[in-house]
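By written order: A, B and C. Residues from 1 in each chain.
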Amino acid sequence: MAFDLTSRARELRPSAAPALARGLTPFALCVAFAVLMQLAVKPAVDAYTARLLLDIGTNIVLAVSLTMVNGFTGQFSMGHAGFLAVGGYVAATVMYYGSLRLWGNAEMAGGMLSSMPIKPQPGRSPFSPGDVLFLCSLVAGGLVSGVFGILVGLPSLRLRGDYLAIVTLGFGEIVRVTIQQTGPVIKDAATARATPWPELFTRVGGSLGFSGPPPYTSLFWAFLAATLTVLVAIRLKRSTFGRAFLSIREDEIASEAMGVNTVRYKVEAFVISAFFAGIAGGLYAHTLGVGLSPQAAGFQKSFDIIIMVVLGGLGSVSGAVIAAVVLTLLPEYLRELSNYRMIVFSLALILMMIFRPQGLLGVRELWDAALWRPIARRFGKGGAG
Amino acid sequence: MSEPALLARGVFKSFGGLKAVQDFSLELPVGALRGLIGPNGAGKTTVFNLLTGVYRPDAGEVRLAGAEISGLRPSRIAAMGMARTFQNIRLFGELSVLDNVKLACHVRSRQSLAGAILRSPFSRGEERAIEERAVQLLSLFGLADRAQEQGKNLPYGEQRRLEIARALATTPRVLLLDEPAAGMNPQEKIELRALIRRVREEFGVSILLIEHDMGLVMDICERITVLDHGQVIFVGTPDEVQSDKKVIEAYLGVAEEAPSA
Amino acid sequence: MEVFLQTLKDGVAIGSLYALIALGYTMVYGILKFINFAHSDIVVLGAWTSLLIAKAIEKAAGGTPAWLGVPVLLGAMALCALVGFTVERLAYRPLRRAPRLNVLITAIGVSLFLQNLGQQEWMFGTRPRSLPPIVSGNALFSVGSVRINILDVVGIGTALALMAGLEWLVFHTKLGRGMRAVSHNTVTASLMGVPVDRVISVTFIIGSSLAAAGGFLWALKYQQINQPADAGWTLLGLKAFVAAVVGGIGNVRGAMLGGLAIGLLENFGVAYFNPSLADVYVFGVLIVVLLFRPSGILGKAVAEKV
């Protein structure tokens, strides 16, 4: 029993500075990519295309976050939209009431990185404070949603497969119904300032929806979130934690026997997944033209995300990205057939389960050698013959 | 006198009305290689499950290197140094052979989640160490060239070897093998005997194995505990076990009295 | 007191509907070990085909004959039985040996398919419609100040009759024995000579016809039939599923008991607590049951062998 992993790890560790640089550079690249999308791509395309791209970004966050729990640990959650809604409403509350309290109105106060350019406002600092508030609101939405991830993850520990699916579906419904009970939105700044924060969270419009929040979501924010989510997901998957998650999916009993605390990791998966879904919710709530309503937590929305993840391959990050892109674009290109859209998708789902249940990429990534080996073999035989 | 590697005393377990294990006791000294045998349904795997935390004993104690472990979760017990294989092989089928072993290193991992995501120097170092260790173990078990195969695609004998390699990756003090020879042909069984002995020498683990192959058990085990209907009916050396009347009866049944003329 | 009796009546009425629908879930789960998500869409189909058949007969008979209910109910049950049979053959049978998760996803696909097919204008369309007056809404008698309508009696009576029929089938016929055998262990049952495929088909046929009856009775009771993709239908299905779980999934008598329990619970919750939280009560019960007694009232716990 002479082997000690930790001391060997210390021996093999690379020098600090270059390693840290290599570790952090991709994060910087994500930010750069997002800025590029906003400042270079957005002016070059029309509003319709820009909106499509924005939806793609949000859907990537949703699909990748769902595959982190459904795909990595095999816990089939059907209430993902519940996390979306929680994050969305929390972010919207922070943003809307924050704007009211700080600046007296809920107008756009963002810089070039948000939807619109800076509008000079009397008494406001020229450094887009709106952007800072928006970032805070997104993070707040993610964090609160993450807490809900614990609330859903814990009871789910004892449940398998079908039952887990139904309970998570129930969670989405409970969120929806609860939001419907909330009070009317406060419209004037004075009342908003006078009302304590806990109460403000209950004044989000109920069944009528919450359309007050200023539309901050832009290509920058959507693609910042999308690229960061993808980066975190991939790094997580390839790490020892990713193996732990995947082992739970494969065989929970063996995983536990090999020292993986399955309770902790199953809940963790829910929390991480819920966090990113919450961020997506914040993006969704502040998208121009979207009326945030309790329906955002409904199972129709959950099913939309599930379809993406199943078609892309449960557990594949690149698969989820591809599916999110395709399934956002496809309905647009098939406008004439829009009536038949869901019929086609549902048939595709059924046929997929019968003929290719692993979806497009299964649990593999686009760049996994193992994925291409059978294809390479077939071509090799053909070439040699 | 040092603590035994594994000690069970007066362990009881019932499932509803079924008394699965009654007053089970066993001692596994450090570095020992012992066996647990008994007819089918005697409760051997249930004992393994009790020792490893899958089931919680109704009464009695289990100690791993002196520390009380009954009632702890299996992952905690694994972290404290007890690893096992399963009667019906439980590999991570979709994962590669290499990843199966790497996963078992996770219990010794010290990197944080944030460190993993940010690829800190320590997490890089640890990942390298895990890779190195896993490859090493695969080589020792003759599975190095299978590293990228999916676990489920391995032939049966190799799957069993992989399970043992995986268990050893957790750097255990105690290794429980549940019917390691099941389904093997005679040649594989001979190799298995040598393998188990080598594992004990090179890894310094104490081994307890469940087996039905009497040849293997009698050959390599120093001492054998015999279980029948959930109770220990005999403990002794292979020679003693083979000649004990109770043991023979348990396996073969009581001989009928010949009718008197 | 009046509120109590009224709530009791409502609870029993809706509970018997939940029970009819829950039976389909519980039987399919018992033999195939998965939740047939598409089951609630058979309920919808039952309601809508009832409408179409009723309208057709009305046209042919030039009015609303008193016996209209019977052919409508039977017709709807037959049609839905056929659909249920077809779905099983085409979508679920190929997945007989697949992981349960795959079948669940397929069931979701079938559900979405049926829903959206129904939405098409050339099928049922998206506007709510109503059944012609098959049963009069007149009061039959009163208990205290609570009116018991002919409608209530017909509804509860039909449901009870169907459940009694099923009870007889499952516990007193050879086919029923086969169904029970398959629900214990498919392989052993087939080794004992039980025609597994046929038993499974029959299970779907029965479950779907009961669902159709549930849909018809719902349409009868609530007058308005909403569009197939209306969330109300899915919720109805989910509540019936909760009823099946509460009673003990896989257990036929459990489904009947569970249906009643959920119907009563929902109505008492609405009457005495917050009326808009009906869905929350039902899902709350589900979570509590799954956490503390997952096998339900009449079910037996099954542990995984390690």
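By definition in this document, contacts are C-beta pairs under 8 Å (C-beta built on N, C-alpha and C of every residue); 3 or more make two chains touch, one makes a residue touch a chain.
Everything numeric in this text was worked out from a predicted model, so none of it was measured.
Student: Which chain lies at the heart of the structure, taking centres as C-alpha averages?
Tutor: Checking distances from each chain centre to the full centroid gives A.
Student: Report back the single chain whose CA centre is most distant from the CA centre of chain B.
Tutor: C
Student: Would you mind telling me which chain pair, A-B or A-C, is linked by more contacting C-beta pairs?
Tutor: So, comparing the two chain pairs, more contacts are at A-B.
Student: Roughly how far is chain B from chain C, going centre to centre by Cα mean, in whole Å?
Tutor: 49
Student: Chain A to chain B: how many Å between their CA centres?
Tutor: Centre-to-centre distance between chain A and chain B: 42 Å.
Student: Return the distance between the CA-based centres of chain A and chain C, expressed in whole Å.
Tutor: Those two chain centres are 36 Å apart.
Student: Of all the residues in chain A, which ones touch at least 2 other chains?
Tutor: Each of 253 in chain A touches at least two other chains.
Student: Give the residues of chain C that touch two or more other chains, as numbers and ranges in rising order.
Tutor: 306
Student: Which residues does chain B have that touch at least 2 chains other than itself?
Tutor: Chain B, residues with two or more chain partners: 54, 86.
Student: For a test of understanding, state which residues of chain B touch chain A in their complex under the given definition.
Tutor: Per the stated touch rule, the residues are 52, 54, 73-76, 78-79, 81, 83-84, 86, 90-96, 99, 102-111, 113, 116-130, 132-133, 148, 150, 166-167, 170-173, 203-205.
Student: Which residues of chain A touch chain B once you look at their complex with the stated criterion?
Tutor: 1-6, 8-16, 19-20, 22-24, 232, 235-236, 239-241, 243-244, 246-247, 250-251, 253-263, 268, 363, 369-370
Student: Within the complex, which stretch of chain C touches chain A?
Tutor: Against chain A, the touching part of chain C is residues 29, 34-35, 91, 94-95, 98-106, 108-113, 115-117, 120, 231, 234-235, 238, 241-242, 245, 276-277, 279-280, 283-284, 286-287, 290-291, 294, 304, 306.
Student: Mind listing the chain A positions that touch chain C in their complex?
Tutor: My answer: residues 74, 76, 155, 158-159, 161-163, 165-167, 169-171, 173-174, 177-178, 180-181, 253, 298-300, 303, 306, 310, 339-340, 342-343, 345-350, 353-354, 357.
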